[in-house]
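Below, chain A partners chain B and then partners chain C, in two separate complexes.
So, the complex of A and B:
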């Protein structure tokens, strides 16, 4: 199976949980943003109970969980925002 | 001009950046760090941000508000990093020939920014620290 790599960015509470601000992730071709959240739940115990992903950004724009990712995409999960 | 800064906000400079000779009014909004939140004492707030996306999102909001209020000129500056009680975290200036549009545009701008811009805050106080909005839900 062909694979691709995406760049995963972590912010706010997710940065604390992951212990880093960014990492590469290898995925099977055809993987979606929701698949990445599934990987997050399996990789980080505090997220295990979060069946639904928070908002998702792909390449600096909001995107649906079903968005099919491409090699080199930048993926970020957006916890509840609190600007202002 | 960027919408995000790591430095203290100079609201006078922000006003000067938008005010035109044809304007008869401007509204300046500043959000400031307060010393309490939901019954807990707050001493400081750390603002985290997905910077390039936040720049785009704020830019889209500015264009949306300016298209809804064509006579209004807008300026927005959000501060990031560690802020203490009394510090301004955001300043918005809306200027226009007459005051009504400035009030409306300023209100709409801050409301929209709070909805969609990827900025987060971690409140710190004597009882510990916590990310606002992250309590058992995504």
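So, the complex of A and C:
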């Protein structure tokens, strides 16, 4: 199976959970943004219970979880923050 | 107009821009970390009428970020100090204090009196309330929020732009988002974000430049990066905003109810439907008089017997099966289902020792 690489960006509490603001991830061709969220849930225990991904942006534009990713895409996960 | 000379000198702004500011009004909701710089700059810039809404008092832990207040203000009502400070910043403008908590009852009336709304609140419930009220009234909502070293800014509810629900249709699960009190916040961070909000408010009023409508700005103070993400209007995809709701319940759904709480609410004749999901033999041994009986296995086929418009409490022996049923119903779109903590066993222990539990 062919694979591709995407760059993940984590914001706010997700950055704390992932321990980094950005990382690369190798994925099978045809993987979606939701697949990345699944991978995150399996990789980071605090996310295991959260079936629904937060706001996702691919290449700096809103993307539905079903969006099919391409090699080199930048995938941002943006949880809401509420402080003021 | 000497006061505004350097601003009037701006090619895109001019006397026309200054007149627009003087004739405009902005409501700043929350006189805290975001509202402090936003209100100071908007007052200094000459926005004719500034409403400030907050019900809190100045606490010493506010001072590292809420620059409207000084050490001598600790213990005073925020609006009292803030009004004085803004008058001093610019005596030519009108400051209208609203010493209140924004609620579904008063929001539309208060927001209707202003041209631009600036959201400087500190919790999800009020943010959804501000969003929905702005959508209903057709008022631009200059949104900003912060967490630790991260900030977000956007402009919502413009004519063809997205609203907050287009980004976040539903509030996050409570555990995933600690508050500033738990999570901490860099003092200067709301300074950056509140100042950006003031910038957007001035642009909206003066009609200059390109606002953040349709874009979400993400600021990371640690890496000193600003990124903007394009966010489309998706108001046709999320729950339509038709009226204001109970935002506390929306954001902090109480998923569990203890036997004590349930007994108290039943005693007050509140409309609550009890559904006992135990097996027939368990039901026969003893059950709460007013409960209905739908054994767990039959729930998927009998969904239409479960009301969606009143509160429903699921009951089993220990709270485990009813918890599964509650979870299943939530996945089916029910938002009104609670689980009786500890089930009939705890009910018998704490409320009705006479009842027999299998």
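Keep in mind that, in the parts below, the second predicted complex is superposed on the first by the 80 of 84 C-alpha atoms of A that agree within 3 Å, B and C clash if a C-alpha of one lies under 4 Å from a C-alpha of the other, contacts with A are read in each partner's own complex, and residues count from 1 in each chain.
Keep this in mind: a contact is a pair of C-beta atoms (placed from the backbone, for glycine too) under 8 Å apart; a residue touches a chain by one contact, two chains touch by 3 or more.
A quick note: this is a predicted structure, and the numbers were derived from the prediction, not measured.
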item	value
Partner chain(s) touched by A:11 [first = chain B, second = chain C, both, neither]	both
Which superposed partner A:48 touches (first chain B, second chain C, both, neither)	neither
Set of chain A residues, in rising order, touched by both chain B and chain C	11-13, 15-16, 50, 54, 57, 60-62, 76, 78-84
Interface residues, chain A side, partner chain B - complex	9, 11-13, 15-16, 50, 52-54, 57, 60-62, 76, 78-84
Chain A-touching residues of chain C, taken from the complex the two chains share	30, 32-35, 119-124, 127, 144-148, 150-152, 167-168, 171-173, 175-180, 183, 185, 190, 216, 218, 220, 223, 227-232
List of chain A residues in touch with chain C within their complex	11-13, 15-16, 21, 46, 49-50, 54-55, 57, 60-62, 76, 78-84
Chain B to chain A touching residues, read off their complex	31, 47-50, 52-54, 56, 78, 89-90, 110, 113-122, 131-134, 137-138
